[in-house]
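What follows is a set of structures to go through.
Next come two complexes, and both contain chain A; in the first it sits with chain B, in the second with chain C.
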Partner chain A sequence: MLLELFQLSQRCLTRQQAFPRRSIIHFNGLATVAADKKTRIVASTILNRAPILTPTPHPFEKEYYAYQERIARSISSPLPTDVYFKPGSLLERRFALEERQREKDAFGQDFTPMIGLPVEDVGKGGGKSLADQLEEEAGLEEKPQQRTHRADVEKDVRSLDRAGERNLYLLVKKDRKKDTWKFPQGGVEKNEALHKAAVRELKEECGPNMDVWMVGRQPIGHYEHPYAADSTKSEYNGAKVYFFKGHILAGQCTPDDKEIVDFAWLTKEEIQKYVEPHYWEAVKDMLSDF
Partner chain B sequence: MAQAARKAVKSASKAVSGASGSLYSPLTYTPPVAIKLGPTHASRLRTHYENSLADNLMYLHYQHHDANYTPPLPPKKAEHDPNNPYSIGRSPPRPRGNKPLRPLATNVGGRREGEGPSAKQLEKSITQLKEIQLHIMSKDALVSKALLLAPMFQLRAITGSTRHEGGHDSSLGVEIIRGRKNLPQWRIRRGVPCGVKVTLKGDKMYELLNVLVEFVLPRLREWNGITMPAPSANRDSPSMTGGVVSVGFKHEAVELFPQIEVNQDLYPKLTGMHVHFVTNERGRGSQNKARALLSAFQIPFIRK
Partner chain C sequence: MRAALYPPSRLDRSTAPTGLHRPDAPAALERVITSREAHETIQRAWVVFSKAKRDAREAELKRKFDCMKRAMDDLEKTDGRLYRIATSKPDPRATDEETQEMLKQYRGVEKRAMEARIEGLFPRDLRIPTDTPSRDGWNYDWKPPLKTSEKSEGF
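After this line comes the complex of A and B, so read on.
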């Protein structure tokens, strides 16, 4: 058996390699080849601000969750209060009172079973009843923050705090007549890797005040377009744009006001209004719907 | 489901006809419906995964080669020549092959245009968390079965998981683990209870992950993260190809779970536990992909 295996392995060793070795694709090489063909290689960064809030549920969803919560409440066994609270303690009475309120909220006044409240100790809590104390405490509680930020009300598209439930993408404006709004982008230099060019261009156009994490080194999309006859870049007949995804972790875009004159953090639908139709067709599938 | 419904109808007909002779009591009466509890809220971490992580993981793990691509083979070793002066007096090299099988790698992408998996299958192949398993092995239980109650209670408190909870037959609650083999040196005998485990899936799994990441791990002293295997570790070992990331926590960590912390006096003897994060990844490189997913949920990893 072992001998057979050995012979088999020897035969395998002498066999020609079934698959030819494949050379690694060098983007640098691609750049030089393309330069001969007069096509400009461009690296672009789609910089994303991930949602910072959970989505607001649809009214139907909300109703469904409330219904399921009522079912969960009705089929769950009650808390063994004597295990968790010292009998007759303030905590026990507080829990019973709160639990009664929760039952009332879930099933209404008529269906609320009478939960017997433990006897109240007179003299504790400064002569106030427990219900009064709880009411007082409720006033002191810190309220949750609003789901809409000031930036939403003021329609400040430069703020990173706007549209907390959505994915935002950074769009920059260049001072020219056509194709003004685009993702930060720039040409790849000689012997430069594509993913490094994308980061370098982002830094050049949007300033060093951003903490950015790039999602891998592979482009997530590709867009090829010819230049117009009256283009300033007359040595090229068109461009190939490779898009890379990044996440902003901290900081803010600080353009130099020379090459880039404005920037905006936009959701997917808003981007459609800013950019040219041909650019939109190329990038729309790379953007998240949420 | 059908079985549960039949059971419900049977009990309902009993209740109506009163054949069993029992009187109606609001305390014991069960409505003649097979209740299946749905989600009571939108899971925060699940939303985070679906809206942000899944996209990134697809881009990170996307196989850019086509389906026929095979990675280049390592350089061939020189063939054994018995007449070579070096070989004289030395035993011949071990024959190649005869290695244990490893599962094929699950890849995102790697297909030719016009064929291969659909968009739905592609979505399924993105790295995702399947389940989390909590597991406690108790040596004391080998001596006395009753000592298994404390770990059972501990897992019940942490997960809130019960058998058939919310009408779901798939939920097994806290299960007892029994010995598979007779191992006299460890006093384990076949069929003897030696531990407990609980398997969490879906929203419950994300809930536990959330508690672990928000309350337990940041307060742990002298714990910097899950230690990664050394770079020289065998890439084809079962633990590296199974797509499971495992970590053990001592009882100091268990004490930090809010469910336990709120009433620590109730648990005189807390035991440490193993946590297994099970992903859909298989094959070579699956350990790295699983770690990429978990670190996106803010679980730290450190080098050995």
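After this line comes the complex of A and C, so read on.
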């Protein structure tokens, strides 16, 4: 146990950067606005499913915490069972047996504490011993849920149960040739606030069956791009997209199958594979690494 | 039955609520920490590891904040009205007229559900990460609260 931790420590020391630092790439705007045409202002929602599982500890973290626990056990006084248990009761004997096992795990099988707790191994009167009883009870306990969901195995990107340790983001697919996968977005109407436009568009595109909490009124990022010369929105020469962050608490995206044909809940790395490179450059700074 | 629950043969120990004196503590500690060098190496590695983790987290936060600042600066240049709305802070204790009108359309459980989503309030039902997922999985069948006018009367 200790040797393993020691080796992990040495490896950790030689490799200075346990986590690679991400370089901050600055966003280059394409601010060339022609005098006669306007820029279309668009609001977009980055809908986030926060992690539902605690992160898996790094092997070094795991070993270090176990090591600290052993140190704490070695220097602390044993529990005064007389105070907390009725003397001689079944519960006290059960605790003593379990505690003995924990000490053996911490200090080695051959370590015998000077002050021993009353542990009796053999059952009286031909009955089962306490150790056997405990073993039987352990078999009856309900097993904890698996941390990997069925959706992870089947690679079902529409599932909200997938990748429980990670932040997931909702990406929608539009029925067109270019720029198909994007965050849900839409133009701002006259006299409408940006953050309200973002929520309205989200409901229009992804249906009302989502319990959404929007974090704030301020955009968390922006992306500007020019329209092609043969674009249908001919009164504009380009668009500026402002992103707003929201959390999904319950429900699921139900696309209308007209404007939106598909959707996916993706992690940061997966989003890079779905979207166009210039879109990725604009959105990558807003997304969480884990 | 009584004999099974409270067997008579038990060691008599002098006890205190704070615990017993333990003369073998140094011996136990020696088993855990085998050498000074090993312990110091482990501690140093832990500090390095924690720093790398902390730095990664701070770098991520900085990256997100810088991105937000760029967006806000750009919005200020683009549209003054939208910028003023974005920088105004909602007061969750003073609901505006629009929200009040909206809340009037609901009653009972539905009203309470809508009140929990007033702008500026943190949602209490945001799930906290756990070691194992919930047995029921994600709630896919959520429907928005019904307005009183949309509800069918009676049973």
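One rule holds for everything that comes next: the second predicted complex is superposed on the first by the 239 of 290 C-alpha atoms of A that agree within 3 Å, B and C clash if a C-alpha of one lies under 4 Å from a C-alpha of the other, contacts with A are read in each partner's own complex, and residues count from 1 in each chain.
Everything that follows uses one rule, which is that a residue touches a chain if its C-beta (ideal position, glycine included) is under 8 Å from a C-beta of that chain, and two chains touch if they have at least 3 such contacts.
On a predicted model such as this, the values are computed, not experimentally measured, just so you know.
S.K.: Looking at A:His222, would you say it contacts chain B, chain C, both, or neither? Reply first, second, both or neither.
M.R.: Only chain C; A:His222 stays clear of chain B.
S.K.: Once chain A of both complexes is superposed, is A:Gln252 in touch with chain B (first), chain C (second), both, or neither?
M.R.: Touch partner of A:Gln252: chain C, not chain B.
S.K.: Answer with first, second, both or neither: which of chain B and chain C does A:Glu61 touch in the superposed model?
M.R.: A:Glu61: touches chain B and chain C.
S.K.: Is A:Pro208 touching anything from chain B or chain C once the two structures are fitted on A? First, second, both or neither.
M.R.: second
S.K.: In the overlay, answer first, second, both or neither for which of chain B and chain C A:Ala106 touches.
M.R.: Second partner only, chain C.
S.K.: Touch test for A:Arg176: chain B only (first), chain C only (second), both, or neither?
M.R.: Neither: A:Arg176 stays clear of chain B and chain C.
S.K.: Touching A:Lys155 in the superposition: chain B (first), chain C (second), both, neither?
M.R.: Touch status of A:Lys155: no partner.
S.K.: Which partner, chain B or chain C, is in contact with more residues of chain A?
M.R.: Ranking chain B and chain C by residues of chain A touched puts C first.
S.K.: Pick one for A:Leu90: touches chain B only (first), chain C only (second), both, or neither.
M.R.: Only chain C is touched by A:Leu90; chain B is not.
S.K.: Of the two partner chains, chain B (first) and chain C (second), which one does A:Lys273 touch, if any: first, second, both, or neither?
M.R.: neither
S.K.: Both chain B and chain C contact which residues of chain A?
M.R.: The answer is residues 2, 5-6, 8-9, 12-13, 17-19, 21-22, 50-51, 54-55, 61, 64, 71, 75, 83, 218, 220, 247, 288 of chain A.
S.K.: Write out the stretch or stretches of chain B touching chain A in their complex.
M.R.: 35, 37-42, 44, 47, 51-52, 55-56, 59-60, 62, 64, 69-70, 72-73, 76, 79, 95-98, 166, 262-263, 266
S.K.: Which positions of chain A touch chain B when the two form their complex?
M.R.: 2, 5-6, 8-9, 12-14, 17-19, 21-22, 50-51, 54-55, 57, 61, 64-65, 68-69, 71-72, 75, 83-84, 167, 215-216, 218, 220, 245, 247, 288, 290
S.K.: Could you list, by residue number, the parts of chain C that touch chain A in their complex?
M.R.: 4-8, 10-11, 13, 15-25, 27-29, 31-34, 38, 41-42, 44-46, 48-49, 52-53, 55-56, 59-60, 62-64, 66-68, 70-72, 74-75, 78-79, 82, 85-90, 117, 119, 123, 125-127, 129-135, 137-144
S.K.: For a test of understanding, state which residues of chain A touch chain C in their complex under the given definition.
M.R.: Residues in contact with chain C: 2, 5-6, 8-10, 12-13, 16-19, 21-22, 24, 27, 29, 39, 41, 50-55, 58, 60-61, 64, 67, 70-71, 73-83, 86-90, 106-108, 111, 113-116, 118, 120, 124-125, 127, 144-147, 149, 159-161, 164, 188, 193-195, 208-211, 213-214, 217-222, 224, 240, 242-243, 247, 249-252, 285-286, 288-289.
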